[in-house]
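Next up: some structures, all given as structure tokens.
In the two complexes below, chain A is the common chain; its partner is chain B in one and chain C in the other.
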Partner chain A sequence: MIQAIAFYLFATLVLASGVLTIVARNPVHSVLWLILAFFNGAGLMLLVGAEFLAFLLIIVYVGAVAVLFLFVVMMLNIDFAELRAGFVKNFPLGIAIALVLLAELVLGVGAYRAGALDLGTADGMAAPLAGESNIENIGALLYGRYLFLFESAGIILLVAMVGAIVLTHRGTRSPRGQQNIARQIARKPSEATVNTKPEIGQGVEL
Partner chain B sequence: MDLIQYLPILIFLGIALGLSGLFVFLPMGVARLTGAHNPHADKLSEYECGFPAFEDPRSQFDVRFYLIAILFIVFDLEAAFLFPWAVSLDLTGWPGWITMMVFLFELTVGLAYAWKKGALEWE
Partner chain C sequence: MTQTFMNWGMTHEWAWFTATIAGILLIALPLMLAVAMIIYADRKIWAAMALRRGPNVVGPFGLLQSFADGLKVFLQETIVPSASNKGLFLIAPIITFTVALAAWAVIPFNSGAVLSDINVGLLYILAISSLGVYGVVVSGWASNSKYPFFSAMRAAAQMISYEVSIGFILICVVLWAGTFNMNGIIEAQRGHGFGIVNGFFFNLLLFPMWVMFLISSLAETARAPFDLTEAESELVAGYQTEYSSMSFALFWLGEYANVLLMCALNAILFFGGWLPPLNIDLIPWFDVPGWIWLFAKILFFFFVFSWIKATVPRFRYDQLMRLGWKVFLPLSLAFVVIVSGYLMFTRYG
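Showing the complex of A and B:
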């Protein structure tokens, strides 16, 4: 009973906030609606029993990816009203991209139907381990059967990191210079200061 | 799994929704009922040399924040991957352990690269 109510609440809210993400006039509001959609998606995942994914959605997507989206929205210096003026002109392109996404969704559902993933023992063939938590089932599968996919995910993360550094890092050309702590500590008074006794009327050679 | 464990969270969610709705709409309703609701354009405009009360929430800032955020996501994911690995080690055994060590090594290479490039330095 409560489950059904919660499901309809989360499902309605995720659809509503998804629509509002698209139609919101202000891009910052769009991102905030998207965050609400993520939260409700996490609630739905919790209801179907994917606990770990639900919390990952909140930690990674709400905590990091949405903030990144916000950064991107903030950093672009685009007049969004002007951008929206080209709606009719960009309509065919938008429809094409929507169709591609729809095809991907259909293929994804089809692939799910073809060979459903079974959470379970390390070979992934068995039913979910009885008495084990969701996170343990995921771990057994991810680090057992889908080990190479996991490693390639690591490579992708590495490439993303290197790409971000290459694209956005501008080098350390600071007018203030860098602090070299080792050099500061190694400095001795005898090297830093010189005692001179200049004659009266004579200058000091530097 | 037992969904009843999440019932307190759902109750908290309901209470939070109710309270936040109350805090937003109660003052508005009271203001309307008591006749204090009297909007005027000058009330929302800046007074003499004050700041504008309303402006675009978007403001440009440095691209370096973006780099920090990307690096944060990568290591956030690394930490997230560690949790299922840690609890299922008895099921995956040595292959699972070695897999995670290789994964950590990959990201450590990335960290070393970021460090060497000076991406962790702010200035």
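Showing the complex of A and C:
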């Protein structure tokens, strides 16, 4: 019974916060509703027993990606009324993207149901490593059967990251002085200070 | 505990529900008391290092100082700035406080004495602690004031930077222990050093990880020397500037509960948690309950935190970022490779 209550709670909250993400007037509120949607999505994943994916969703999306969203949205002074003006114009495009995503979902689930992807059955009976936690199962799949797909996804992400750094990197150093921390730490009192005993009325030559 | 309630004639579901609620209260209430006392201890240690007396008026040795402070903020008026975003302004301290308490659900106090013994305990801690940044960021934005906003920006960048290296450090520990379960990690440390020392710190590959984890946990909880989010010489009080009364107190409690959590993580991941320090039955060494060992280790690490706060000057922001991204990230990444390579040769090869 508790599971059913939890399911309806999470599902309602996912849908409600998803809708509020779109209709919220303030972009910062939008991002916060989006975070709530992620969070409840993770709750749904927990209910079906995918605890590793659920926590990964929270760590990656809520803990890092959404913080950066929030960061950007807070810094930009977005005029939301202006964005809203394009709603009717962009509506067909939005519908098209939504249809593509839906088709992908249907294809993915269909392929899984037809047995093209060997990920085991949903009830965990035919998991790659029966009786193990789903971390071990995901590991066995990602680093076993789907190793090359997984590694190539990693390389694509690495290239994207390097590209972003190359595009934004400024080669010229700033006119401000640079701190050389290694040199500061390596410095000894004997190099930095000089003990002198000047004669009266003589002054010191350094 | 579920079994006890079932013996009293409850159905399984109700017994589970009651047992969970009782467990939450059993952890949260003593934790609040511990936070009150730890604030007192922090002030006393800090005062002693500055050759001052510290709080010594309220109660014997000033022991009741935190409760007097709590009563004071409780009786104050809650001021909500008129230009602020009121809902978010009031939700932000609640987020900080709730998140700080929620992480304690998977901390084992003894073998089996844990509220929820899930097999991804460490991931849960990572997930919950990554939520902590929202309290700060939302409060900084909702205050609609310059200094809190600067503080929120700093907090967001700082916490993300250090979470990355903390993640890699935890992966090293998990690789060595072979499990994400907190109790499993503690059990893996039994007799880790020559069958005598309990704890991963006694390991040439994991000791540097522990040093980095200690420093990163200071940065993650925004304690000195990384307290740039509330640097009083630059930002008044940072994200707390506009807060008063209980909403301020919730930040305060949440912050210290987080510090205690990080001390507990240091103890559990590298110093054997509720295991005695040595795996030899010195005197009645094994008869001491596990939670006493855990608390002793937590208090030791809290002393280290206070010690650092009293002695190390604050970092500059670019130095903080350099340490996180240019020193800790490459080092911890290299250690993930080294540790997994070593384990591949010795354990799985």
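FYI, the second predicted complex is superposed on the first by the 129 of 206 C-alpha atoms of A that agree within 3 Å, B and C clash if a C-alpha of one lies under 4 Å from a C-alpha of the other, contacts with A are read in each partner's own complex, and residues count from 1 in each chain.
As a convention for this text, a contact is a pair of C-beta atoms (placed from the backbone, for glycine too) under 8 Å apart; a residue touches a chain by one contact, two chains touch by 3 or more.
None of the values given here were measured: they were computed from a predicted structure.
Novice: Name the contact category of A:I35: first (chain B only), second (chain C only), both, or neither.
Specialist: It touches chain C, and chain B stays clear.
Novice: In the superposed arrangement, does A:L158 touch chain B (first), chain C (second), both or neither?
Specialist: first
Novice: Does the superposition put A:L47 against chain B (first), chain C (second), both, or neither?
Specialist: So A:L47 only meets chain B here.
Novice: After the superposition on A, what does A:A24 contact: first (chain B), second (chain C), both or neither?
Specialist: A:A24 sits against neither chain B nor chain C.
Novice: Hey, is it chain B or chain C that touches more of chain A?
Specialist: After superposing on chain A, more of chain A is contacted by B.
Novice: Which partner does A:A64 contact after superposing on A: first (chain B), second (chain C), both, neither?
Specialist: both
Novice: Is A:I181 in contact with chain B, with chain C, with both, or with neither (first, second, both, neither)?
Specialist: Second partner only.
Novice: Give one of first, second, both or neither to describe whether A:L13 is in contact with chain B, with chain C, with both, or with none.
Specialist: After superposition on chain A, A:L13 lies in contact with neither partner.
Novice: Identify the residues of chain A that lie in both the chain B contact region and the chain C contact region.
Specialist: 2, 26, 28, 51-52, 56, 59, 63-64, 67-68, 71, 74-75, 133, 135
Novice: Note which residues of chain A are touching chain C in the complex, please.
Specialist: 1-2, 26, 28-29, 32, 35, 51-52, 55-56, 58-59, 62-64, 67-68, 70-71, 74-75, 133, 135, 179, 181
Novice: Within their complex, state which residues of chain A touch chain B.
Specialist: 2-3, 6, 26-28, 46-47, 49, 51-52, 56, 59-60, 63-65, 67-68, 71-75, 77, 121-122, 129, 133-140, 142-144, 147, 150-151, 154-155, 157-158, 160-162, 164-165, 168-172, 174, 176, 178
Novice: Any idea which chain C residues touch chain A in the complex?
Specialist: It is residues 13, 16-17, 85, 88, 118-120, 123-124, 126-127, 130-131, 133-134, 137-138, 141, 149, 152-153, 156-157, 159-160, 163, 167, 180, 318-319, 322 of chain C that touch chain A.
Novice: Hey, which residues of chain B end up touching chain A in the complex?
Specialist: Residue list for chain B touching chain A: 1, 3, 6-7, 10, 57-61, 63-67, 69-74, 76-78, 80-81, 83-89, 91-92, 95-96, 99-100, 102-103, 106-107, 109-110, 113-114, 117-119, 121, 123.
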